[in-house]
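In what follows, subunit A forms one complex with subunit B and a second complex with subunit C.
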Partner chain A sequence: MSKIIEVSQLNFSYPVDEGMAPAHALHDVSLEIEEGEFVAILGHNGCGKSTLAKHFNGILKADSGRVTVLGLDASDEKNITEIRRNVGMVFQNPDNQLIATVVDEDVAFALENLGVPYDEMVKRVDEALEMVDMTRYRHHAPHRLSGGQKQRIAIAGILAMAPKCIVLDEPTAMLDPKGRREVMKTITRLNRERGITVILITHYMDEAVQADRVVVMGEGEVILDGTPKEVFQNVGLLHSLSLDVPQTAELMFALRQEDIKVPIAVLTEEDCIAELEKLLGGVTHDQN
Partner chain B sequence: MIKTEHLSHAYGVGTPFETAAIEDVNIHIEKGDYVGIIGHTGSGKSTLISHFNAILKPTSGRILIDGRDLWDADKKTRIQTRFDVGLVFQYPEYQLFEETVYKDIAFGPKNMGLSAAEIEKRVEKAIHFVGLKPSVLEKSPFDLSGGQKRRVAIAGVMALQPKVLILDEPAAGLDPRGRDEILSRIRDYHKETKSTVLLVSHSMEDISRNANSILVMNKGRCAMHASVPEVFEHADELVQMGLDVPKITRVFISLQEKGYPVSRNVYTVEQGKAELMRLLQKGGDQNA
Partner chain C sequence: MLKDITIGQYFPGKSFMHRLDPRMKLLLTVLYVVSLFLVPDFWGFLVIGAVIALVVASSGVSLKVVFRGLKPLMFIIIFTAFFNILYGGGEPLFPNISWLAWIKTEGVRNALFMIIRIILLIMGTSYLTYTTSPVMLTDAMERIFRPLKVLHFPVHELAMMMTIALRFIPTLIDETDKIINAQKARGADFETGNIIRRAKALIPILIPLLISAFRRAEELADAMECRCYQGGEGRTRYKVYSFSWRDWAALGIMLLAMATIILFMIF
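And now, the complex of A and B:
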């Protein structure tokens, strides 16, 4: 696999009023993301995860260090169009991202700006709507859709550009449980079936569990980086970073505090049931 | 405390876009209760709560606060309702506007026509409830972090000392620590003031940790209104309504269905641990 994003020793501070000390939003961050990976980024509010994500498609520029996307230097203005075409971003509030009055026009918006020929545009819009399972809503008005549907339209708008990578910044924060399930299903499918690199910023541990890799940030630095199982071993550290672990792992952690021997990183319902069945094995017999 | 009788509300009455947002809602909220309100996007949650302090007028049906019909009363009574029923909207931090935190929190009490001494007392109490230091009072609200701003906005409504406090997704967009912090503050406020609290949330975990009863809205109608265990008993129905039950609840329901003598009514990690410890100790005794 080749590297789609390479960040090395990135430093960044937001501008402050004269005379005030600059606040470091990112401090010496180094990170490599492989093509086709599904990476979740976790961290408390203000830890720098959104700031980092905005470097992935050149919205922000590094103070020092290097960001390379598809081998292109993100600090070079002439690479920006190519980078943005390949790394699309989806944000938290779906209402701020939809502009047209009809769904398919909204999805076509970026293509129009890129000057894609009409026939090609129709083809790509069709495909994009298909990928997010919203074809039957193509003539609907976006503002009348549910939150989950709106987010899928926002994702389709990015997909129409045929990007190699999608960065989603808390895409489910404003959605109801069903909307969250829809969006998560959509992005995991895009990753598994289409090989699109997915970078998901989230506060929901249950979403992070679905990724191949979890990066935890704190105070502008990368603190942990590994598979969900590896990362969610560190219950104490995650708590100290204002983060949670999935409820199932939290339960295991609580049991271990009572000297009950169970593994910690139990991340799914199925695994949790299996572990508890092992634990309760004798109990059911005694009762029956 | 709050009672609705055949409450219905339609938007765009008399236009081709007329849609019923809520239909024939009959509920009774007891004084001092902590009610969690859940429902899919567009289920009518916000429309419903906007009736409780007379922001919306029913298209048909009645709404009674403390036994008094809101729309049968004179205007003065309705204005009083705005102080008796405090509503914290989604993302309330966008509504801060004053020069200092003190002035912002004092805005509501000032409109109630209270004395300067009383206003000061209320501001201090409110700031204590949301867990901010008195030193922030002289700061500009715009110099605070997102989480602090949110707390200032909530304090502004608490300073009205309403009999009913309604919060629409007060934890949306906050990291896990921020969520816990704000929700535990609201819990303390509920305990200390003995007021009625209504919490709208998409997080079944947050609802189960805080509320005594749950009101489920589905497609504009009240689908259920019962205690937390009674509502989460209907896991399959909730999923069909676009909702969910806490992950840990699903684990315990599965275990019970597999024949283990565990309770189905487990909604939090603490309850789960207690339930397992109870069983394991019992099993241990029998083995010994």
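And now, the complex of A and C:
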């Protein structure tokens, strides 16, 4: 596998008013994303997740350190279009990222910017809408759609560029449970079936456990990085970062604190039930 | 409550008028207005009247809508008529009633002429917006004025601003509704008191609205950059317009009407 994004020793602070100490939003962050991976980024509010994400496609420029996307240096203005075409980004609020007043025109926006010829554009808009299962809404006005549908249109607008990687910054935070499920289904399908690299910033643990890899951030630094199983073993550390862990892991953690021997990271409900059955010696089967 | 506002008053549809190319509709409207001002006498209005009758018949938008739109303009119409009568010459219209002596034939004629002209003007331009969505209008204007780019006139930027404004109007209206309700729930009163009191009551609505609009603008700018927006240079367009037989037919009719009016002028 080749690396799609390489971040090394990245430092960044937002400009502040004169006389104030610069607030370090990112401090010595190093991270590598492999092509085809599904990475979740966790961290409490204001720890720098969005700031990091905006470095992945050159929306923000590093103060020091290097960001390389597909081997291209993100600090070089010449590479920016190529980088943005390959690393698309979806934001939290769907209302603030839809530009046109008709769905298909919005999906075409990036293609217009890239100067894609008309016939090719029509084809790619159709494909993108198909991929997010929104073809029948192509002539609708975005502001009449549900949150989940709007977010899928935003994803389609990115997919139209045929990117290798999509970065989603809390795409489900403003959605109801149904909208969340729709969007998560779309994201996982794009990753599994199309091999698109997905970087998902989220506050929801049930979304993070669906990833291949979880990166935990705190105060502008990467604190944990590993598979969901590895990361969610550190229940105490995660709690100290004011983060939740999946409820199943929470239960196992509580049992272990009572000196009951169970594995540490159990992430799915089925596994959890299996563990509990083992523990109770099959009692649950006798109940009815 | 703010939902009732319909900017530009567009009525979606699939009529002949709706299906005309927006660029052609803009051109036709210009020709229509020019013709209207060339009309030398009442006979000329018959020609314009015939044109507008065709427009109404082929638009699927009822005349009632236009007249509703005329009501707020009644004041201007009456005002214009009054001054035309006041300053018009000719014989008194009622020679036997002394206090109506200021009403003269010439003045009444002028007033009628102006009223008809204003009404026809409003009808013509209204039917442009009734049958063309604001986005299509801006799009058409961008295409028509594109040559002005040579003079460094920011055609694309203005069109993009208009498009975004139109896209965000419903969003911001929704938001205003929410803020109003939130402030009402906190006991704010927008309906009583004098003008100053009411204007003051608007401040707690405008400030959150403004802050939120700025935040939205910032996020939108990021989202546009993420989608490789770099201004109008080298852009292609998803929407292509092409003239069909309808456009040529409509242009033919309009030119015919215009030629007739010019003949009226000469003879």
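Everything below uses one rule, namely that the second predicted complex is superposed on the first by the 282 of 288 C-alpha atoms of A that agree within 3 Å, B and C clash if a C-alpha of one lies under 4 Å from a C-alpha of the other, contacts with A are read in each partner's own complex, and residues count from 1 in each chain.
Here is the rule we use: contacts are C-beta pairs under 8 Å (C-beta built on N, C-alpha and C of every residue); 3 or more make two chains touch, one makes a residue touch a chain.
Please read all numbers here as calculations on a predicted model, not as lab measurements.
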item	value
Which of subunit B and subunit C A:130 touches, first, second, both or neither	neither
First, second, both or neither for A:250, with subunit B first and subunit C second	first
Touching partner for A:97 - first (subunit B), second (subunit C), both, neither	second
Subunit B versus subunit C as contact partner of A:230, first or second or both or neither	neither
Subunit B versus subunit C as contact partner of A:73, first or second or both or neither	neither
Partner chain(s) touched by A:170 [first = subunit B, second = subunit C, both, neither]	first
Partner chain(s) touched by A:111 [first = subunit B, second = subunit C, both, neither]	second
List of subunit B residues in touch with subunit A within their complex	39-42, 145-147, 172-179, 202, 204-205, 242-244, 246-248, 250-251, 254-255, 258-262, 269-270, 272-273, 276-277, 279-280, 282-283, 286-287
Touching residues (chain side subunit A, partner subunit B) in the complex	43-46, 92, 146-148, 170, 173-180, 203, 205-206, 242-244, 246-248, 250-251, 254-255, 258, 260, 269, 272-273, 276-277, 279-280, 282-284, 286-288
In the complex, subunit C residues that touch subunit A	133, 135, 163-164, 166-167, 170-171, 174, 215-216, 219-220, 222-230, 234-240
Complex contacts: residues of subunit A adjacent to subunit C	54, 57, 59, 81, 84-85, 88-89, 91, 93, 95-102, 104-105, 108-118, 121-122, 125, 142-143, 154, 157-158, 161
